[in-house]
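First chain A sits with chain B, and in the next complex the same chain sits with chain C.
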Partner chain A sequence: MKSTLNRLTPYVFFMPAAVIMIIALFYPLLYMIWGSFRRWSPSQQIGETEFVGLRNYISLWNDPNFAESMGVTLKFAVSVVTIEMLLGVGLALLLDRNIRGMSVLRTLFILPMMIAPVVVGLMWRYIYHPTIGTFNRFLDTIGVERVDWLGQNALMSVIIADIWQWTPFIFILSLAALQSLPQSALEASRIDGATGWQQIWHIKIPLMMPVLIVTCLLRLIDAFKVLEVILVMTEGGPGLSTEILALRISRTATEFRELGVAAAMSNYLLILLMLLTAAMFTYTKLQEARANRLRMAVEADD
Partner chain B sequence: MPEIVFDGVEKSYGSVRVLPPLDLTLHDGEFTVLVGPSGCGKSTTLRILAGLETLSGGEIYFDGKPISALEPKERDIAMVFQDYALYPHMNIARNMSFALRLAKTPKAEIDAKVQRVADMLNIGHLLARKPAELSGGQRQRVAMGRALVRDAGTFLFDEPLSNLDAKLRGKMRTELAEMRDSIEKNMVYVTHDQVEAMTLGDRIVVMNEGVVQQQGTPEELFKEPRNLFVAGFIGSPSMNFMEGALVDIGGEMHVQGAGFDLPLDATTRTRLDTATDRNVTVGIRPSSFTTDTSGATVELRVIVAEYLGAQSVLVTKLGKTELLVETQSTAPFKSGVTQSFGVNTDEIMLFDRSTGLRL
Partner chain C sequence: MTFMKYGLTGAIAGLAVSATALLANPYAEYEGTTLIVNFPAHPHYNAAIKALPEFTKQTGIEVEVDQLPYLKMRERQTLELAQDEGEYDLISYVVFSKADYVYADQLENLAKFFMNPKLADPSYDADDLIDGYVQNIGVAGGTKGYLPGPTGSLFGIPFGSETSVLAYRKDIFEKHGIAEPETYEQLLDAACAIPELEPGMGGMASRAASGHQASHAFLLHLAPLGGRVFDDAWNPIINNAAGVEAANALKTIVDCGPEGSLSFGPSEAANAFSNGDAAMFLDSIAFMPGFENPERSSVVGKVGYAMHPMGVRRGSQTGGFGIGIPKNAENKEAAFLLMQWLTSKEGDLMVAMNGGNPSRFSTYQDAGLNEKYPFSATFGEALKYADPDWRPIIPVWGKINADIGTTMSKVLTEGLDIQEALDGVAERTRAVMDEAGYYTWQ
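Let's look at the complex of A and B:
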């Protein structure tokens, strides 16, 4: 009797947190999934709505605008993550040294990450302004033709802003990974004759890889959900050129007043993100399994 | 295989001075051991030699050529680190061949070299494993192998055995001693363990607080230590020290102190240039005590007898001073008993009390 109680104790303590989790997380989620099978305008209670089965999903599948938006999102996410990874890791490799003033420099580098996205959006909108924007005024002074930043090149401009804001994230994680590398292995490689580049290529990058993969996945998941900065900068335009999924979902709900379709779209995004998360999870699991196997092998030997 | 000369080499970290100007010559083809207590600057010396640390002053010469401006890879050295420093993501074969692959050695030659060294070190069956899949002793061998695969002129070892358990350490020590004789290279070996130093070194350099105390063969250091530090550091169990004074008793020189009065033999006497009444520190090795009480004797109270097998070490007291006595285990000693021990007076060493120098 006593032992049963003892065994239950952890669960008792666990209960309140679990209840809150279920209410806060699963209730809206289930609500959304439920809603995605209904024809639902914002003026209706969910009870008054009509059940339409998979119709929302199917119509989305055949909707060229949704496909376009999905394409923009993919283009955006893949470009920003690739460039940010290259820049972030590169900067980390460059700044991983103990020079006086380096800590100040590192702090400066991560400032963009701390600014609220709405502010970032407004700032870049000003920088990109066709006539009074910083960039075009600069181009004027050096006598180069102006660029239509948020017009014809809207997607590129949005990508640049995102790179500015999120490269620091990859930078600090890479830097942390670099600084926790086994120093003596690097020293050994210097004695073995490795040049700076060879140290980076043969020792540093391979040893940072686990952190880099997780960082990349985190950033990818985040890039698929980006909203505020683009909303403020272009509102998705011109045309659909920067209408990423999150933006389209919000427009479908508010402008087109189709909550059911918006919910279905969210679910598509959710499925995509879950696939990414699953990939990340599998990766860590594989790592753990490998580590375990190694430990067993060592114990068997000793 | 260069001759290596440290000429006034200094090292400071900020305001902390680790090496005062250090002069040291490491002869060609010799196995030199740097020994000293932890924190005395042995690793720093080795790392400066390897080029992993910069000098704060002085210069190092390889066969007369200054090398302090050279990168580690330009110094033709191989090094075994205390924590082995294997590349965690490469298997053993790739760990061992890393330097050769960087040097663009032909693959067949690499394979042959790796195989030969691996067989020599009994790690041939581990080549496909990663470092994490090895035990401590195996990793140690791999670290050794990675250095040996390269045909470097100088081999540096930084306490390579200190992370092993006692039994394995003994075994590896023997293997290293064997290897030392078969490889004709400059080897510089750092350790805090004087037993390792005595077993392995052709020549031993005793360091304390960055200063070279004495260098010489193991026998020289044991028999003719130059000062108190070397006398106390070399030898196990370590030398006993007592405060005493030199007294002339009827034309014969004695050293006297609380509870002892020992005549000095002729050789010791001739070493002493100055007159009597001088305060000295008396050093007697635990092995200089005997159970033969026909000569000079001291009365010692046995506190504990540490049985080590054939030998026993007695912890005894003379007044308040603790003295170690090494004896055969066949003679039984009871704790708490006061007893006479003979002293081989020709093995007594005298040190100046203020400078610590051997008299």
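Let's look at the complex of A and C:
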């Protein structure tokens, strides 16, 4: 009897969290999946809606606007994450040393991350303003032709704003990873005569890899869901050139009043993100397995 | 003690009833009622809120206002109206919500209130209400479902409605001897002449941002140039010659407009005009009082106001807000009294003097109002041509509107061929309409 109780103890402690998970995560998720099979206007309660099977999913598959929006999202996510990773890790490698006032600098660097997205959007909108914006006024003073930031080059402008805001996130995590690297490995390489570049390529980056992969994944998931900054800056325009998926979902729900289609779109996004996460984790698992194999081989040699 | 209290209340109530009978106060029965109303954050409604204390003073009915940004307001109402018991007694709705609410059976038909002799004020004078607005915002169930006609009935009263007029820089036009544009030809000529005559100044500031704004800008030109989105059998005709001409007009205006036009919403366009970056502004009357405000405008006193130029016909915008009573409201009769009071001659003038948009012809002709806002008479004249069929108000409009807006934006930025672009819109619109069942009878 007592042993049964003892065995149950972990589950009892686990219960509150499980209940919260069920209410806060699984219920809405199932509701969304259920809704995605229905033709559902926001004026209706879900019980009054008509079941349409997979029609929402199929019509999305054939919808050129959805395809374009998906393309924009992929372009946006891939470019921002690639550039941010390069810049963030690069900055971390540069600043991983004892500089005076480093803590102040670090705080300054992560400031963009702390600003509310709507404010970031508004700020960049003014920076990009065609006549009174900072960029174009600067271009005027140095005598270069003005750029139509949010018109012809909207996607690029949005990408620049995102890089500005989120590079610090990667920087701060990379820096933390760098500073917790085993000094012994670095010292050994130095004694063996490795140059700075060799240290970076063969010691620092490989050792940072697990952290970098998680960071990259977090940024990628975030980049797929970004909404506010773009909403404020361009509202998806001109045309559909900056209409990322999150924005299209929100417009489908509020402007087109098709909650079922919006739910189906969210599910596509969810599936895509889950695939990405799974791929990343498989990759890390494979890497670990490989490292283990190597270690075993080394130990066997000894 | 309790007995005493009841007895006393009863006596007071009895006295009140007899007093009512003597003074014939139609509001007495509703005295002490608190109405909850949902208004948008909009200059007109800010003006209306200033008039509410007077209503409470006259009637004893208290009013609590829940004011929201207008797109938020629509989301909130969508949720609220679907409940069994709603929170709101009176709502303001955006014109294109009419289709959604009436179709979902969420607004009260107003006939039963106007038929009730205890509620309807015989001096209300409904003929004085601006006809285009009433048809556009209030009536549903007639021709094509969203317009008036023998089968239509009234679901709301225009309150905070808008039409389009042309604001132009009198000084600039006089300086270069350009006449006040009366036709589209003159308008477009002037729009492109000005950037050459006044370097640094755009011809006309227009909204053009992707989505709703670009679609709205296109529709502004479509009606006067003789176009429509649908013919009488719901076939998309947006891609006919008039449609192409309207898109061309928009492109010309944006190309000759102030820098950055491509991302303009209406406020940015209005700002460009009031900063002196453009010589013309053709949009809703709601923006015009701002041009005469010395704190925010550098063109005070230099602006002339004209009717929306004519293409093959006159057809200025109809839009803005109306007020209606939700089916699930708690105090419908008192809500009707508020609605009637706000849109009565007295209420309408009071709101207009506070800076609101009148709903009545007589208010526009009022001498006091014209003294305060010199453009009022022109607006009143323009309203006679407000086109109730300016845009289709059907439940699937949101989707079609977004498509028109996106496509127009592509025409403006990516140089997409206009005929091809509009053919694409027509084709997709047909598919949307087909799915929504508009071709069931064909």
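Following the convention adopted for this analysis, the second predicted complex is superposed on the first by the 279 of 302 C-alpha atoms of A that agree within 3 Å, B and C clash if a C-alpha of one lies under 4 Å from a C-alpha of the other, contacts with A are read in each partner's own complex, and residues count from 1 in each chain.
To be clear about the criterion, contacts are C-beta pairs under 8 Å (C-beta built on N, C-alpha and C of every residue); 3 or more make two chains touch, one makes a residue touch a chain.
No experiment lies behind these values; they were computed from the predicted model shown.
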Contacts of A:189 with chain B and chain C, given as first, second, both or neither: first
Touched partner set for A:83, first chain B, second chain C, both or neither: neither
Which of chain B and chain C A:280 touches, first, second, both or neither: neither
Chain B versus chain C as contact partner of A:239, first or second or both or neither: second
Which superposed partner A:198 touches (first chain B, second chain C, both, neither): first
Which of chain B and chain C A:207 touches, first, second, both or neither: first
Partner chain(s) touched by A:95 [first = chain B, second = chain C, both, neither]: neither
Chain A - residues contacting chain B, complex: 182, 184-185, 187-195, 198, 202-203, 206-207, 209, 291, 294, 297-298, 301-302
For the chain A and chain C complex, residues of the former touching the latter: 41-45, 65, 129-131, 146, 148, 150-152, 234-241, 243, 251, 254-258
Touching residues on chain C, where the partner in the complex is chain A: 71, 74-75, 78-79, 81-82, 100-101, 103-104, 106, 209-212, 214, 258-260, 262-263, 277, 395, 398-399, 401-403, 406-407, 409-410, 412-414
Contacting residues of chain B [partner chain A, same complex]: 50-52, 71-73, 77-79, 81, 83-89, 98-99, 102-103, 129-130, 132-136, 138, 146, 150
